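Common to both upcoming complexes is subunit A, partnered first by subunit B, then by subunit C.
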Partner chain A sequence: MKLLSWFVIGMALLGAALPPVVGAQGKPFTVTGVRGVIFGAVLPGVPRVISRTDPANSGQFDIKGVKDTQVQLTFALPSAMNGPAGAQMPIAFGSSDAGYSQAQVIGSQIGFDPKQPFTGTLSKNGRGSVFIGATANPVANQRAGPYTATITLTVTVLP
Partner chain B sequence: MRRVLWLAAAIGLGASSLHAQGVMVAPHAVYIDHRVRSGSVLLYNPGTEPVEVTISTLFGYPVTDSTGAITLRTVDAPDSTLPSALAWIQAFPRRLTVAPLERQTVRLLARPPVGLADGEYWVRLMIAAKAGQIPIVGVSDTTAIQVGLTLEVRTIIGVQYRKGAVTTGVALSNVRAQLRGDTLVTWSRLVRQGNAAFVGTVRGIVVDSTGATRASFASPLGVYFSMEPRIASIIGKLPRGRYWLRYEVVAEREDLDPALVLRAPPARDSVQLFVP
Partner chain C sequence: MRISKLSLAVLALVISASAVQAQTNNASITATATVQTPINVIGAQQLSFGNVFPGVNKTVAATDLTNAGRFDVTGQASTPVTLSFTLPATLSAGANTMPIDTYTGIHADNVAQTGGTAFNPVTGASPTLSATGGLFVWVGARVVPATNQAQGVYTANVTMTVVY
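This part shows the complex of A and B:
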């Protein structure tokens, strides 16, 4: 009886501290935004390019799911960033500015056009990473201050 | 035991993402029975900031493009010829905030029309997660131009609603295969049978002239109408010679409860491979 009581208490504490018990219908699936694209300081009139292979400044998303699952990756990309007092700064994405790595290694990517859907396969461990770069194009009389916009990645579980 | 393994997996996922932005969605596929007419999805925030979540629904199903890549074909306003549950499956709540290390449940409620025919009906659930803004470094310097892009993530999972007698199957034809260096690339034509999506696995085994297995692959697949998927697998370089690829499509899935996977006879074919 005492053992049973401790078991019940232990299970209750465990349940309060842990993530949800996953139902029997399928496994959990997680998409996380790890790092935004970081341009840092830019100079007026001088384009600033961030490569998708830049380990410190490229954007990164991690995917965790079911092994060998095919996922469709679709970006919604901004054309400009919003800054102070309604100022905007154009931003561009090239045809190979996105990359997918099954091994989650920035140096081992398959490049793709972020303006087109891309289908990737998760690894044997059910993982994959998406990297993205971009080019900020400040004009010569660009107003000083912070500029930002949002990149949205949609991951569709396909099968 | 199975439940314990899922729990362990969930703990591992949560622990490794503590500093990231996003939510864990479980399960990755939802099945609703007409007798119950409801389902649920669990959201867990493994991060350190609250995550704003927006839930929406859409209709779509996987197809293949001209290269064999699988993509989601979406239909904004599906007509009566499509098995859509878009008009009558709703999610509650549609907006919620998941606190750090907390979980929330999203309920799915079905209100099917009277006289709904037996069969399977589909909808997709989109879970949009937005965490706090990533700060732009150096914003205190008002004379400089500081630029950064923040991230938002959306996850789309499938929801299948089943009423009455549901059957499925797959017809396999036109199997092709090529060895490109260390990669085996296969194509086939798959046509769904019955009144429900075929959810299963494609398996391939490469055997040599003695019948010994030299390589194998497996890929989960869902055939909603018809498709011609291209599957590329790294199998390593094979020595010169003739081989056979034994290709089969089976109604089995490691990631789903077997009770949810509709039974269907396997479809098989073989093609010869030659390494000069």
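This part shows the complex of A and C:
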């Protein structure tokens, strides 16, 4: 019946237009930036290191999705922070500056290189957290003032 | 209850498109830092021995506000710094040299040297900048002219390096 066919097509297109991003079991799949990387006061010429295990200053993302799902974590990392009057301050990420915690506990992470994709598995509750540290490298004549940069985490659900 | 092949195909395409859309998500955080005031050092006053006579040692004390060498430092308020020095072993006048055998130092948070702290420039010091970000450093020394020291004007550079 043509009417039924058009109904199916219409429902399908309507479904495609719905905005929520959902997982295979219909649960929302979300990534949330919880906390930024905070270097605080930095002195010219003195590198400042923030560990991924620093509970107050490391960056944190929380992931919610379907339980036991494998996800690939990919960072877009800045090479410098932007400051006053166009000044820039280099920021570096070491080979173990990122960590994944299925239990969402900062003290229980698997370290990984944020410059490379990493595969983790969401918990039985469909949760996981990603922590990140970094090093700010101000030069000796670094211009005084506030500096910022954006760190983006892309999470892809693996089939 | 027949569903045409076209509608099934559209349904399959839409479902697969939805599935692909559902597989990726992202979020961003910010890295922040606040850079403090850079250090600035000025050689404010020369270390001046004045007239020196052959065979007669002459000392300029670090407490001598007129003749001791003085460096003025500015930077981030109330912040520790490390002082280190490059100290000449001799003064020179052309090919002639005159030994310096002793150095003394004092640092204070005011130009009057009130409440200053003595230190050995050879080993350096680790003072803290004042609440207004200032520090004053004086260097004294002793020259040991030989009994046959040649006449002339003798000079050398004393360099102080300050880091956070």
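As a working rule, the second predicted complex is superposed on the first by the 134 of 159 C-alpha atoms of A that agree within 3 Å, B and C clash if a C-alpha of one lies under 4 Å from a C-alpha of the other, contacts with A are read in each partner's own complex, and residues count from 1 in each chain.
We take it that contacts are C-beta pairs under 8 Å (C-beta built on N, C-alpha and C of every residue); 3 or more make two chains touch, one makes a residue touch a chain.
Please read these numbers as outputs of a predicted model, since none were measured by experiment.
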Touching partner for A:T69 - first (subunit B), second (subunit C), both, neither: first
Subunit B versus subunit C as contact partner of A:P117, first or second or both or neither: first
First (subunit B), second (subunit C), both or neither touched by A:T154: both
Partner chain in contact with A:G33 - subunit B first, subunit C second, else both or neither: both
Touching partner for A:M81 - first (subunit B), second (subunit C), both, neither: both
First (subunit B), second (subunit C), both or neither touched by A:G45: second
First, second, both or neither for A:A144, with subunit B first and subunit C second: both
Contacts on subunit A seen with subunit B and repeated with subunit C across the two complexes: 21-24, 29-44, 48, 59, 61, 78, 81, 83, 89, 91, 134, 136, 138, 142-157
Subunit B contact footprint on subunit A (complex, rising order): 18-44, 48, 59, 61-62, 64-70, 72, 78, 81, 83, 89, 91, 117, 119, 121, 134, 136, 138, 142-159
Of subunit B, residues touching subunit A in the complex: 2-3, 6-7, 9-11, 13-14, 16-17, 20-31, 40, 42, 44, 46-47, 60, 62, 69-72, 103, 124, 126, 128-129, 131, 133-134, 136-139, 141-158, 199, 218-222, 254-257, 260
Subunit C partner contacts - residues on subunit A that touch it in the complex: 1-2, 4-6, 8-9, 12-13, 15-16, 21-24, 29-46, 48, 59-61, 78, 81, 83, 89, 91, 134, 136, 138, 140-157
Partner subunit A, residues of subunit C touching it in the complex: 1-4, 6-8, 10-11, 14-15, 17-19, 21-39, 76, 79, 163-164
